[in-house]
Each structure stands twice: as C-alpha cells, then as structure tokens.
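Take a look at the structures below.
Each of the two complexes below includes subunit A, the first together with subunit B, the second together with subunit C.
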Partner chain A sequence: MHDLVSFLPLVITCTGALLLMLYAVCPKAEQEKASLMSMGFFAVAFFAQLLVVCTVSRPLFPETFNGMLGVSGFTNAACLIVYACGFFTTLSSHTYFRENHFATVEFYSLLLFSAVGMVLLSMARELITAFIALEIMSLAIYVLVGFNRASSRSTEAIFKYLILGAFSGAFFCMGTAMIYGAAGSTRFDSIAEWLAFNPATTPLMLGGAFFLLITIFFKISAFPFHAWVLDVYDGSSNPITGFMATALKTAVFAMIANFLALSGNLHDSWITGLFWIAVFTMFGGNLIAIGQDNVKRMIAASGIVHSGYLLIALVAINSEYFSGAVIAYYLAAYSVATLGMFAALSWLGGEGEKRVTFDDFKGLAKRQPLAAATIAVFLLSMAGIPPTAGFMGKFYIITSAISAGQIALGVLGIISSIISMWYYLRLIVSMYFHDAEEDFIVDGSSLASISTVALAVAVFAIGLFPLVL
Partner chain B sequence: MSSELLFSIIAIFLLAALVPIGMVATTILGPRSSKEKIKNEAYESGIKNVLGGVDQKFSVKFYLITILFLIFDIEAVFMYPWAVNVRELSWFGFTEMVVFILLLLTGLIYILRKGVLNWR
Partner chain C sequence: MEHTVNYLVCIPLLPLAGAFVLGMMHMLTCKNPLPEKLYSFLAMLGPLGSLIFTVIIFSTLREMPAESRYLTQNMFTWFSAGDLHVDMGLFADPLSTLFLIFVTFIGSLIHIYSIGYMAGEENYGKYFAYFNLFLGSMLILVLGNGPVVMFIGWEGVGLCSYLLISFYTKDRDNVLAGNKAFIVNRVGDLGFVLGVAVLFWGLHSALGGAGFDYLNIKAGASTLTAGTGLAVCLLLFIGATGKSAQFPLYVWLPDAMAGPTPVSALIHAATMVTAGIYMVARFSFLYASYPFAGDVVAWVGILTALLAAIIGCFQRDIKKILAYSTVSQLGYMFAGVGVAAYSAGIFHVFTHSFFKALLFLGAGSVIYALHHEQDIWKMGGLKKKMPLTWIVMVIGALALAGFPPFAGFFSKDEILFMALAKGHWMIWLIGVCVAGLTAFYSFRLIFLVFHGKPRDQKSYDNAHEPPPVMTVPLIILAVGATFAGFFNLPAFFSGDSMVSTWLAPSLLEHHSEASRVTEGVAMVLSIAVVLLGIFYAWKKFASKPEDKPLTGFAKWGEDKFYVDEFYNAFIVQPWIAFGRTISNFIEPNIVDLPVKGTTWLYGVLGMLFKVFQAGYVRVYAIYMVIGLSLMSIFLSQSL
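Presenting the complex of A and B:
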C-alpha cells in the first residue's frame, strides 16, 4: 500500500490514459476537449510528483514492488521532466491541430501512455521491467510518429523507426538474457553484488552489457546508431518531435545512469568505449547539423550533439564529485530549450508545416518580435550562452568531467560547443538580419504561444536557480 | 577466451554453413520428375500453383483479430498460475488480478465500441 503513495503520479497518468481511451469511443468525443483533459492529467501528475518530492525529503521506500521499481532523487527529477514535457507537448498539440487536421482523441491517450512507459523506465530497477517499460514507451511513440497517415514522409518515418526500434528492442532482450546467464539475476542490486566479486570482463557480462548499450545508444541516438534521427524527427509532427527529443531521452538516460551507476566495476570496463562514443556523437552530430537547411532536421542533429554532452556526464558518473543531479540538470535545461523550439514551430509552422527551412523564418523578428525573441533564447540556451540554463548545464557537465580526470573529454566538449554556434546562430541571423518575405499571420493567443513564452522564462529560471534540482 | 565461448562460436558457424549445404545437397540428390514440372515445385499443402504475387493485399481485419487473440491469450496464460496459487496469494493476489482484468476490460470496451469485431 505504501508503494502506491510514491507512485500516485504514475497512477494518475495511467488512469488518465485509460479514461481518454474510453472517451475516444464516446459518440460526442472531440479532440480539442481531449487535449484539455490530457493537459489536466499531466498537470495533476506533475503537481502530485512535486508533492511527493517535497513532502518526502528522503525516499521512504527506495525499493518498491519487490525491488522491481525504485525511487530516488534522480528518478523523481526525471519524472518531473517527463510530466512537464507531456504538459507542454499537449499545449503545442492543441495549437498544432487547429491547422493540421489529423488528430483524434487517441492521440492524447497515446501521449499519456508513452509518459507512463517513460516514468516506469526511469524507475526500473530490474532489466525485464526496464524492457517492458521501454516497449510501452516505444509502441506508443511509434503510433504517434506515424499519426498523419495521409503524409508519405510520416509513413516513411514510422516505418524506419519501427523496424530499427524493434531490432534494437531485440538486442535489449539478448543482453538481458546474457547478463542473467552471467550474474544469475536481472535485478540491478543482485547484478551489483555479483559484480563486486567478479570481473565485469567475463564474456557473458561483457556481451550482455554490450547488447544493452546498443539499445540504449539507439534510443538516445548516440554515434553509431544515430542515422534514423533526422528522418524520423523530420517526418513526425512538430509536437511529437519535441516530445521524442526531450521526454524519451530523459527516460532512457535515467535508466542507463541507474544501470551504469550500480557498479564501479561495470562502469570502469566501459569507460573507454563511452569516451569515444561521446566524442564521435558530439562531432558527428555537429557535422550533420552544419549541413542542414531544415530547422527540424537541424534540431534533430543538435539533439545528437546534446546526447554526446550527456554521455560525457555518464563517463564521469562514478567519480566522487558526480551526483545524478548533473545529468538531471542538463536534461532539464536541454528539454526546456528543445521543447520550446518545437512549441514555437507548432505555433509558427502554419498549415501542413509549411515553414520549416531557415529561409522560411527570414525577417521573423520584424513581424513577430516576441516569437523571434523566444526562439533566439532557446537557441542561445542550446548553444550555451551564459545567463541561460544551457550554459549552467554545460558548465556542470564539463566541470564534472574535469574533476573525474577526463580533461581531454572536457576540452573536446567545449570545442564541440563552439562549433555548434555555427548552426544555432544561422537561424538567429536569418530571423534578425533579413527582410521579411511574408506577413507571418499566426494566432498570438494560442496555447502554443503561451507555452513558448513560459518555456523561454523557464530557460532563465532554471539558469538562475541552479540549485533547485 | 573461454573454451565454451569458442565452442559456441564454432557451433554457430557450423550451423550457418549447414543451411546452404543442405539446400544444395537436396537439389542434387533428391529425385526429380522430368515429365511434370509442377512436381518439382515446393510442396504447399496440396495447392497446385502457389506462385502468386508476394505483395498481395490482405484485409487489415486479419491482423486485428490476430492481435486481439494474442492479448486475450496472454490474459489466460497469466490467469492459470494465479488460479493455482489463489489461496496463498489471498486478497493481495486477487486485487492485483482484478486490476489486470479491469485494464484489459477497458481495452475490450474500446475495441468493441470502435467496431473492430464487426466483420463487414
């Protein structure tokens, strides 16, 4: 029974998803009402989670549901980010589907279901549970990516994502089986006990962790498995791209941080691999992003680069200076900026996402100064300019890497961050230093505009109060 | 490298090699009918000509029914072990099972109202 108190937000989200599913078959169901309902469920879940965080200073039951799920400060932060992402995604969807007419009530139900999967994934303390959570999340996301059945780009995106995602899910199962073969358990704490007395380089353990990491790297779009990102992000609708880029990445990073942090032994055997993957992810993502003309594809590629920065934090995970707070903080900073970018795109994108390239945003600052200013704030935060959250996030990650003795990695992170200015500033230049070619008639009172402004404020709020998390 | 790993790798390669060897061997060694070409085709449950287009379209209903069958099949799979241990699990197990069934019931209501089971 006590388990349920800390899982109240999860129960709310799950109930919300089921209720919306039932609402979908009501004869009088309207998708606009459904979006308001799902906003409500996300908001209630967020505040319930906040209540759990504030009232319980130290998790009362770190091991719940027979050790299958666990709650810690880090998972609480990850859950908060997921709920907030869900809330703002619903706000942008509300506006987006006024101009694009393919939404049904199920869209919002699936959004809530995928949030359930993400929250479970960040809490998972056992590999089979993690796999089930991963699949709950992924299956809902697959459908959301391909929701626009009339669009061939969307169909291409879901096809690529489904095939590759199912393939990587199989790797997760294989890895779980091998780790079970080595350690005799799929529970994180039992694996950690086994690792304390055995080397992490036995073939089964090495192979199992290798397969698990393949799946994780696929989901977070790290270097060798990043190729799907551009097409999938480009093909799915703006709000869903934002949700995938932020909430999904948060959940998967929470899971892998929990897994790698369980034993220094395991972590040490992977540190060299993680080092090179972080480096290649950062620079590969940068190279891809520089060549893009499409804002969505540019943000997708910059998502790869940000995964690289987060991998730096994973390399430094077991040093004595590290706490999960660095990863949680960077995820929050990254989520706010990326989600804001996609909220702005949902707001300004127009019918059928007609404004997508850099040229389409020429002269936006003259016609829509507020929109241009918020987009500039998000881009500067992603680039890591001082008063924003992105700067503080990068600062923490690079200091933690340097304190962990990974000075080369820290320096490479800074270089990559400088390279990334190139494509972030390009959009700012095209918004501010060109004459407008069109009038940009957009709905200034829409919910997406409100969420864009709220997120722009959040960029500064998170940047100025770095110790909140 | 441990010997078991080595053996398993050798076994995998042997298995991989056996498949093409078997396929080639049957074509060379197997009996052939020179008069009727159809007899050399792969046997397919008595159907004479199986060589239709592979991109033939099936109604999506078949897939839906299959997926629904799987869900309720799995439900039964979960209910058997619970039914065997129902006394030991007592009210806790009962509540868990009720939650599980209710979740599936919601899904059933959804598909019924969506008209998935109407074969039109």
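Presenting the complex of A and C:
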C-alpha cells in the first residue's frame, strides 16, 4: 500500500496525460483550456508529492515494485523539481501561445508524458526500467521540440536531436547488455552486490558502465557530447527550452546519482574520468557561451557549464557521503533561475520570438523595468551572487568537492564561475546601460509574468532556506 | 540607584521613525503629493515626542545624587572582536541632557517655522524627512554611550547636512556647496576615526573586552601613555574642526547657506556644529590631562573667532554674515573648552543656540518677505514694514554682540573671564577685540536692513510680516535669547551658576579663583568695546550708508582672505590632477591591462570554440565518436 501512496503523484500525472489525449479528440477542444488543465495536474501532482515527502518516511534506498523502482528523499526532491518545472512551463506556454499560434491540446499531453518519463527515470532502480523511462521522456521531448512544424529551425532541431539521441540511446542498450553480461542482473542493488566481490575493472562491467555514462553525458550535454544543445535549444520554443534545460537534466542527474552512489567501487574507477569531463564541460561551456550573440544560445551554453558544476558533485558522491542533497539543491536553484529566464523570454519575445540577440535587450530596463529586474535576478543567481539560490548551490557543490578531497576541482569551479560573469553580466549591461533601439508592444496573458515574479521570489527564498530538502 | 532605563531609545527613534515614514510616503506619492498638512503633522510628532522624553529624563536625573547622575540603556551588542566590544547603547548624563534639551526644543521650533517657510515648495515631504533624520542623527550623536555609537550620529548629521544644503538640486552651485560640506567634513571625520582607533589601541588592555563606552574609557584613561593621550586629543580635535567649522576646515559653513534658511538655522544653532564642542567636552577627562592639547584647541578657536569676525564685517549677503558669526562664536566656544572652562563653553553653546536660531529665522523672515533677496545693500528701512522681525532681530543682535543682560553677554563673558583667570591673557585680549568686531558687524546688519531709506523700492513695497506659524517661534526664541543667560548667573551678580553646577558631574574642570575686582574690570572693558562697536556701526551705516567698492584690507576681507582660492590652488587642484593621472595612466595601463588582456584571451578562445559549433549533425556525431574513442583509450589504460 505504501508503494502505491508513494507513486500517487506519478499516477496523477499519467492519468492527466491520458485524459488530455482523450480531450484532444473532442471536437470542441481548446488548447488554452488544456493548458489550464495541465497546470492543474502538475499542481496536484506537486502537492501530492509534497504530501508523500511529509508523511512517508523511508530509508535512503528502499525497494518498491520488486526493486524496479525506488523512492528516497533524493528522488522525492527530484520529482518535486520536475513537477514544479512542469507547472511553470505550462504557465509560460499559456502566455507564449497567445502570440505564437501553433499549439494544440496534444502539446500539453506530451508535456505531462515527458514528466511521467522523468519521474520514472529518477526513481529507476533497474537499468531496463531506466531505459524505458528515458525513452518515454525523450520521445515526448523530441515531439515537443519540433512542435512548430512551420519553422525550419524547429524541424532542424528535432532532426538533430532525434538522430543524436538515437545514437546515444543505442549506447545505453549496449551498456545495459554488457553489464548484464558481467553481473547477471540489471538491478542496481544486484550490480552493487556483484561489485562488492568482483573488481570494477572487469572489461565487461567497465565497458558497460562506460556506455551508460556516455548516454547520460549526452543527455546532460557534457563535453564532448554537448554540441547538439545549442541548436536544439535555439530551435525549440521558449517554454520547451526551459523545460528541457531544467526538468530533463534533473531526472537524468537523479538517475545517474542513484546508480553511482549504489555501486561504490565502480564510481571509484571513474573519478579521474569524471574529473576531466567536469573540467572540460565547465570551461568548454564557458568558452562557447562567451562567443554567443543570441541570448537563448547563451543560456543553452551556460547550461553546459551548470552540468559541469553538477558533475563536480557527482565526483564527490559516494555511498558514505551521499551528496544527493547538494545535487538536488543545485538542481532546484538552477531550475528556478533557468525557468524564470525562459518564462520571461516567452513573455517578452512576442510573436515569433522577436527578442533574440543581446542587442534586442537594450534598454529593457526602461521599457519593462519589472521584466529587466527579474531577468537580472535570474542571471545573478546563475552567476552565483549572494544572496541568491545560485550562490548557495555553488557554495554547497564546492564545499562537497573539497570535503571529498577534490580541492583542485573546487578551485576550477570557482574560476569557471568567475568567467561565467562575462556573459551573464553582458546581458544585464545591455538591459540597463543602453538605450532601446526599437520597441514593440507585447501582450498576452499575464501568467508568464506572474510566474517570472514568483520564480524571482523563489530565487531568494531558496537562497535563504538552504538545504531543507 | 537604578541606572538602566528603557525609554532612552525613544528619543532618537521617534524622529528617525518619522524620517522613515515621511520618506516612504514621499517616495510612494511623488507624482501626486499628499496634502502638506499631513506631512507637517507627522513631521512634528518626532521632535515633540523627543522633547517630552527629554523632560522626563531631565526630571529623573535631577532626583539622582549628583555624583552618580546618569542613565544608560543597552539595546544589543553591536559587534565584538577580540578586546573590542561595542554595545549599541545610549547614555544620558547632565552634559548630554543639556544638549538634548536645546536640540529638541530649538529643533521643534525650527520644525514649526519650516511649516510656514517651506509652504508650497516642491518636495515638501522630502524636506521634512531629511529634517527628522537630521534631528534623529544629532540625538544619536549626543546620546551614544561611546565614541563608536557617537560616530553613527556624527556621520548621520554629515550626511543630512549634505542632503539639506543641496536641497534645491536644480541649481548646480547648491549641489557643489553640499559636496564641499560633505568632503570637508570627511577630512575631519578621518581625524575622528583615527582618534577613536588610537584611543582603543591605547586602552585595549585596560578595557580587556569590556564595553568601549565613556564610563569604561574614563575609568581606564589614566593608563594611557602621554604620547598616545596627546595624539588622541589632537586627532579628535581635527574631527571637531571639521564638524564645528574651525580653522582650517571652516570653509564649508559659509557655503552651507545654499540650503533653505531653516536648514541653516538648524545646522548653525542646534545641531551639527555644536557636535565638535560636545565631543571635546565629553572627553574633558582626556583634554584636562593634556594642557598642550587644550592650548591648541584654545588658540585655534580664538584665532578662528578673529578671522571669521573680520571676514564677517565685509560680507554683503545677510546669511553669509550670520554664517561667519557662527564660525566666530564657535571659535569662542573652543577657546572656552580649550582653557578647560568646559561649562563656560557649553553654556555658550546653549545661549548661542537661542540667539543664532533667532537671527537665522529672523533673516529667513526678511528673505521670505523680500522674495529671496539676500543682499543687505538692497534692503533698508524694513523697520516700518516688519516691526516684529525688527524687534526680535535687534534682540538677537544684542545677544550676539554680548550686551547685558542678553544671553550672549553672560556666556561670552564667562569664557573671557575664565581665560583671563587661568592666565591666558592673550586669548582674553583677542576675545575682547572679537567682541567689538562682533558688535560692529551685527549692528551693521541691523542698520543696513532695517534702518535708513529703502534702497530697493519695489521689493520694499511688497514686504510684509510672515504668517504666525513663523513669527511665533521667533517670539519664543527672542524670549530665550533675552533670558537664557540668567540660567548661569555667576557669583559676581550673586547668582548660583545653575548650568555649571548641573554640568559639574560630567566634566572635569577646576574653577580658578580670581578677584572680584579683576572680574569687574574685565566686564566693564568688554561692555565698553561692545558699545564702541555698536557706535561705530551706527555712525557708519545708520543714516547715510554708502555702498562703495571696498579697497585694500577691506577688499581682502570681503573676499574671505582668499582662503578658498588658496585651498583650491594648493589642495583641490593638485588632488584633481593626481586623480586624473591615476585615471588616465595608471588605471588603463597598469590595472586594466591584465584584466583586458584576460578578457581578450577568453573572447578569442570563445570565438574559436564557436567555429566548432558547425551546425552539421554529422559533425556533432563525429565529436561524440572522437570523445568515445578518447575515453576508450583512457579506459584501456586502466585495465
């Protein structure tokens, strides 16, 4: 029975997705109503999850459904983030589709389906389940990325993402097969048991884990599997970009953190590799972001950098010191800022996403002082300026790296965050220190602006109440 | 006796809360202002509330035995590091209570006057918010339980003077005057901060982590080495010269006339400029042990008094004359505290606050009546049009000149007599000369403004008495300026020196005895000099004044002895040149170059990396394969 209570939010989301699918068939279906309905489903799922967090107390890695899925404090946090991301994404979408007319009811159904995949992925305790969850999520996202069929950029983005995604999905299957070959099981705990008695450097196990990680690196856009991210983020609509950047990353990180934390000495053999990947991801991402003139691409590239910080926390993870709370906190902080950024973009872009480059944001502080102020808050949080959530997140990550003995990684993380000021502050400078060159009126529903303000408040709220997760 | 009370904090807090509320109201309703009555009502609550609490404190202190007459309140520990422990606390003893009485009383009167003077002005709410903040800062300064808390108020009044002097921000000259006041004060503040730091450094072992407040400092003062103590006294005095406009830092005060006239009254009479005197008197236990520091204070004071009095004789602007008279009177006060006649100096602060507020507010009425005309050579004959203002101004001038029985006579004479009695006969002599000059310039002002024939008929015809909200404070102040002197009637007039007795527990001073004959001769002499000054002014300006261009020494005096020009040429300009050098050469070439180089490097690297984002999906797949291969090689190494 406890099992079912823990999965109640998942059931709600899944039902919501199916109901919306049925609603789409209805001839009088309107996408605005669908958006309100999905908002409701996300909100209910979020509060149900909150209820689960508050009422059901559990050990760190319990088993449910014969060890296929597991619920822990960490997965609960990840699920909360996913639902919150879904909720704010629907808010932004509602506004965005007032001006850009290509949404249908299925859009929201797919959004809920992808959330189902993400939640399943973060709870997965078994490789095949993880793969299925990954594909549920990815397939829904592929369609969402290419939803604007009239736009060639959007179509280009979906093809790039689909081809490369399929490529990486194949690695996941391959890795699963190899690990099964070595350990005789696909369950995380059985693999951990096998690893306790056998060296992690067994070629089959090592190779399998290697292929798994490549898929993960692809999904979180770690170096050198990051190249797709700019084109795909740029091609998809603003709310979806925000959703991908936050919820998807959260789910994937939750899965890999669970996997690595369970299989202790596997992780040990990977530390050096993770170290270099984290470093290259941070600095590569920074360098790419510096070169961008387009704000969305800049945020995409900065997403690479944030994955780098999260990889630092992964390096620090082990079964004695589970830095899951740190990861979850950082993901929450990052999600709030990024979602807020894209909520503001969905609202300010108007029809056809008119605000694109840094120059388009010139003088925003005079035209739209509230929007400019909130964007500045989000950027400062991403850059890690106190007292924002982003600062606390970076602080915890760097502390966890240092307490795990990875001092060099901590220092490099700080340097990278200094470099990242370049492009974050550049946008603030554009908004505040230049005069507007052109102006256009944006109207649409106020939901996105409300969510922008709510998220800006959340940036400070999360920053002030650290590690309650 | 219980010394801890919990209502001391209300005194500064009420005006500060008023400042906050008024400021918020003004900010939120900038576009369509609220009615002025609402602002005036709220603005009055703070000063009047403080006044009531001051009276309570005064009566509480009176019931205490004289030797342990003080009240304290500790709100919280402000900071504590090593031996330095600073509580946010307040301390009221006879000295601070005397200051509280006239600061809140005169402050309230000036608030009332402002309601009339500022009526119809733009930014009415902002003005009163600043005014309340000013008063609140001054009260913190006076009530602070130690030099660090005092410094909050010290800086607060500096800030508010800046805000209020440049209140009419549309005129650039006003903003520059505000800047000047602020910057000159900063120079003094540096001295104050250094003085406090040296004081702590000298005392830290004696304090041993106890609170850094006056009681503990006084208890540990004897452990200071001679050099340290002297340094503390001189550094603190630098702070005092800035805040109380003494040579060489007096230059900001005459320029501070740029603000609205009630602001000048508030700065000159009740607040801000008296801070320096208060501070020296507060540290009387230090100054008393270092006669050399006292001599420096006294000589700087009396020479400033002389210089300012001479300049005051040749000014044309009614407010500038009063400004220089303030500088001159402050010089007297420093001479008083410098010769260790602390109660005499403080008493002069007290009486001066009445007659100087009176003179400024009276001048404000004249300016108000003549629609912002300030040149005394364009006035004249106003006696008929503004009889009330004339009467109160004459009272103020008599008090300023030190003519018996008006307030200034007793306090000024007390200072001069104490200087003589303690053997500083040179200071006494200069002081007597200054008294003559003071009488001359104050009656020059009276004769030129109110007597003779109107020199500007048009503005004369339009002149009228101001509304009662302005005249009532004038009358109250005139009564004060007439009778305030009797509070400290010396034994010579069979008085009992009430103020000196009241202050005795707070101050460390030795009353010198001198014969009654000496006192009588000195008094007669100074009255004679005052009469001479008035007579000379009458002869020269009463009937047929001539506004001819000044020459020679007078020209120098009119141009303020070119002190401003001297500072500008030898301090300000070299300093600006120094700053330019840094900003033109050192900043771009030495500081910025490595930074710019780094950003350039990253910019180039970023552009290079952008090339890899080719946009072809096959290229991206190749990256993945390359990455895969590299990682495989790495893995095979570890097998």
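Assume the second predicted complex is superposed on the first by the 455 of 469 C-alpha atoms of A that agree within 3 Å, B and C clash if a C-alpha of one lies under 4 Å from a C-alpha of the other, contacts with A are read in each partner's own complex, and residues count from 1 in each chain.
Following the convention adopted for this analysis, a residue touches a chain if its C-beta (ideal position, glycine included) is under 8 Å from a C-beta of that chain, and two chains touch if they have at least 3 such contacts.
If you're wondering where the values come from, they're calculated on a predicted model, not measured in any experiment.
A.B. asks: Where does A:Pro199 make contact in the superposed view: on subunit B (first), on subunit C (second), on both, or on neither?
C.D. replies: A:Pro199 sits against neither subunit B nor subunit C.
A.B. asks: Which chain makes contact with more of the residues of subunit A, subunit B or else subunit C?
C.D. replies: C
A.B. asks: First (subunit B), second (subunit C), both or neither: which does A:Pro387 touch?
C.D. replies: So A:Pro387 meets neither subunit B nor subunit C here.
A.B. asks: Is A:Gly184 touching anything from subunit B or subunit C once the two structures are fitted on A? First, second, both or neither.
C.D. replies: Neither: A:Gly184 stays clear of subunit B and subunit C.
A.B. asks: Which of the two partners, first being subunit B and second being subunit C, lies in contact with A:Met21: first, second, both, or neither?
C.D. replies: first
A.B. asks: For subunit A, which residues belong to both interfaces, subunit B and subunit C?
C.D. replies: 203
A.B. asks: Quick check on the complex: what are the subunit A residues that touch subunit C?
C.D. replies: Going through subunit A, the ones touching subunit C are 159-160, 163-164, 167-168, 201, 203, 206-207, 210, 214, 218, 223-225, 227-228, 230-231, 269, 273, 284, 286-292, 419, 422.
A.B. asks: In the complex, go through subunit C and note every residue touching subunit A.
C.D. replies: 599, 602-603, 605-610, 612-613, 615, 617, 619-621, 623-624, 626-628, 631-632, 634-635, 638-639
A.B. asks: Note which residues of subunit B are touching subunit A in the complex, please.
C.D. replies: Touching subunit A from subunit B are residues 1-2, 5, 103, 106-107, 109-110, 113-114.
A.B. asks: Give every residue of subunit A touching subunit B within the complex, in rising order.
C.D. replies: Result: residues 18, 21-22, 24-25, 202-203 of subunit A touch subunit B.
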